[in-house]
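One structure is given below, represented as structure tokens, and several questions about it will come after.
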Amino acid sequence: MTDPRDNPFRTLAQAAGPKPAVDLVMPMSEEDRIREELERGIVFTTVESVVNWARANAIWPLGFGLACCAIEMMAIAGPRFDVSRFGAEVFRGSPRQADLMIVAGRVSIKMAPVLRQLYDQMPDPKWVIAMGACSSCGGVFNNYAILQGVDKIVPVDVYVPGCPPRPESLLHGIMKLQEKILTSRIELGPFPRKKARKVVAK
Amino acid sequence: MTLNMGPQHPSTHGVLRVALELDGENVVACKPIIGYLHTGMEKQAEYKTYTQSIPQTDRMDYISPMSNNLALCLSAEKLLGVRVPERVEAIRVLLTELTRISSHCVWLGTHAIDIGALTVFWYCFREREKVLSIYDMVSGARMTASYFRVGGLAMDLPAGFLDRCEKFVDEMPAHVDEYEKLLTKNPIWIARTRGVAPLSAADAVAWGVTGPALRGSGVRWDLRKDEPYSGYETYDFDIPLGSRGDAYDRFQVRVAEMRESTKIAKQAIQRVRKMGESGEYRLRDFKYVLPPREEVKTSMEALIHHFKIVAHGFFPPVGEAYHAVEAPKGELGFYFVSDGSSRPWRMKIRSPSFVNLQALPVMVEGKLIADVIAAIGSIDIVLGEIDR
Amino acid sequence: MNLGPERVEQRLRERFPDVAFERQTGEAVRDHTLIVPAEHLVETCRFLRDDSELQFAMLSWMGGADYLPRVPRFECIYNLLSIARGARFTLKVRVPEEQPRVPTVIGVWPTANWHEREAYDFYGITFTGHPDLTRILLPEDWVGWPLRKDSPLGYEEVAFTHNTPGRTVPSPSLKKLAPKKVRYRAQ
């Protein structure tokens, strides 16, 4: 009789090896059995990490392409550099539904109030990526018409340099933002948490 | 009712604001408001040399950057009164036609996505990525190439470049067939674009419209044939014309132009192969053009010329010149006024989208609001060019 | 069939014998340019458009220019295109600084609308008869005419240690910017 281990095409049951003759598992009480069932289906963690994990993996950008960087932003939505692997392929048209504003392109002085208004219309939590040299610092254009850096009007979380940044750079920026989100503290309500009051024994 | 299609809008191809006066769904009046991307390029050019303005032009019509570079270089060369060698002309034609293909790909993808046909976007961007790799190979940057210089090219072609281009050009007609299969006989596409945003030939000329929008209205005017530059008169290609001047005709004109560009690019590749895969890539007039590196290291004269051109820029004669090219969007021209110094006294950019957008009210007044989106897409505008 | 610019100038001089046209000369003026007095601009343009031999039906572009120390200071350049004849022609109007007014050619070519607004926006040249002469590229409340030679470029000086008071080393410290270690999966 051939040794079953010589045949590479073994089924999983055969690969597991021979079953022991005696059942070696200790019988459990009813309580333990229920606890084990529950533990197999629940992950124990803090609320913060879950919320941060959810926020980081489903960032919905606002479609805010201004200039040349917008084309590279469209390219990350394209087939070669796929941003939907990061959960961010839904570019929302309305700021009310978005949580990431990628300022892609140069911000002119006529556009600056519009940009601020859009930022204010976005609900919390919101993040801003300054994509490209022009939105980080004014870029090639240092003159009367261009705002020298979008951080003059909105707080920026990640700066992605380049003119335009390659789509891989922007994806790296989005991943850095994901890191930032995963390590941030969350606010569970509109007001900051009260400090725990010290109980002084009288 | 007054409706504002604001500067931030998924379908406006940039920061265009359109103030619409509506009566139900009918557009009574339409006023495009621009300036949200004004960059002060014309003012900034007065503080830079001609060569330093070339990267600025990349950021103008950012979908077809090499066309803008070509327009500036040709205009400066007209001012200087020089003509570049034939090999350079052939390479310029090759890269400009590839630019035209990639620009029409983006146009088709975004126009289709506005109207609702989402699939085309991914197909078109797949082809565009191939052209961007070609750009990357020749200049180092995917989009903002700045590869042309006044008097030639920045550097010679890399090895294997022509094979890469040939491979792309051979497979492109099959891809254009794919786009046509998706859209041309599609009843939804026809319903959304046929008869929509009509522009008569007389109106188009009166409003200064050029490019595929003009040819879609049946007017036979293409600068590559009628005011040829860079050796275009020696290439064999046709000009597609529309008849009704609606969005569907403009779509067909552009798709046919993609095919013609493939033809021209193939001829250009053969020409460059005949003249040598590596060879001269710059004019040998060292008063205006940088001398080759080997000569800079051996000849004193070349060293001095190199120093002068790099430190100050070249000094064109006092005068002015205007030269236009057929960019993918229309007639793109640069007007230079020179006062003898290395910085232009005035650089005026005649951008096609700026003029074509003026015809938008003519196209949509009296029509439905959904047609406004189709109209904006079919004119093919780029805000970087409009606002400069 | 191809119409030459000399023939255009000849026709213009025949038609308007008492208008003082001036041919622009210069070492490297590469396009045939004719300088027209402002008061005769509209009738000249109308003739160029309507004449059956010339047929300049398209105004390709119109731009302004500022030649600051020279008097008259400004210039408007009109580049005309005749599709039927395959010809281009350039007209110029010299505009003085004290009275920067030019009649509008909107009645001849409707496309002049935005071009004239842009020249107004950049230089302050007013076009009499224009229906909506407002700023087009700059914000409506911007003060000044940016492309004039005496308007500054408006650039922001790059901050180095030598021109920023009170700063001796680059800041912030790079250690603070290093990202914290991250666990990608909630555990």
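Every chain is named by a letter (A, B and C) in the order it is written, and numbering of its residues begins at 1.
One rule holds for everything that comes next: a residue touches a chain if its C-beta (ideal position, glycine included) is under 8 Å from a C-beta of that chain, and two chains touch if they have at least 3 such contacts.
Computed from a predicted structure; not experimentally measured.
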Central chain (by mean CA position): B
Which of A-B and A-C has more C-beta contact pairs: A-B
Identity of the chain that, by mean CA position, is farthest from chain C: A
Centre distance in Å when chain B and chain C are each reduced to the mean of their C-alpha atoms: 21
Geometric centre distance via CA averages, chain C-chain A, whole Å: 47
Mean-CA-position distance for chain B and chain A (Å): 37
Chain B, residues touching no fewer than two other chains: 35, 38, 40, 43-44, 387
Per-residue overlap in chain A, given as positions that touch at least 2 other chains: 110, 143-145
Residues of chain C engaged with two or more neighbouring chains: 138-139, 146, 151, 153-154
Contacting residues of chain A [partner chain C, same complex]: 43, 45, 49-50, 53, 109-110, 138, 142-145, 148, 176, 179-180, 182-183
Chain B contact footprint on chain A (complex, rising order): 62-68, 70-72, 74-75, 78-80, 91, 93, 95, 105-106, 108, 110-111, 114, 118, 140-141, 143-146, 163-164, 166
Residues of chain C defined as touching chain A within the complex: 138-139, 142, 146, 151-156, 158, 179-180, 182-187
List of chain B residues in touch with chain A within their complex: 6-10, 14-15, 35-41, 43-44, 55-56, 58-59, 62-63, 106, 110, 121-122, 125-126, 128-129, 132, 142-144, 383-384, 387
Residues of chain C that touch chain B when the two form their complex: 26-31, 33, 57-61, 63, 65-67, 77, 79, 83, 86, 88, 90, 109-111, 113-114, 122, 135-139, 146-147, 151, 153-154
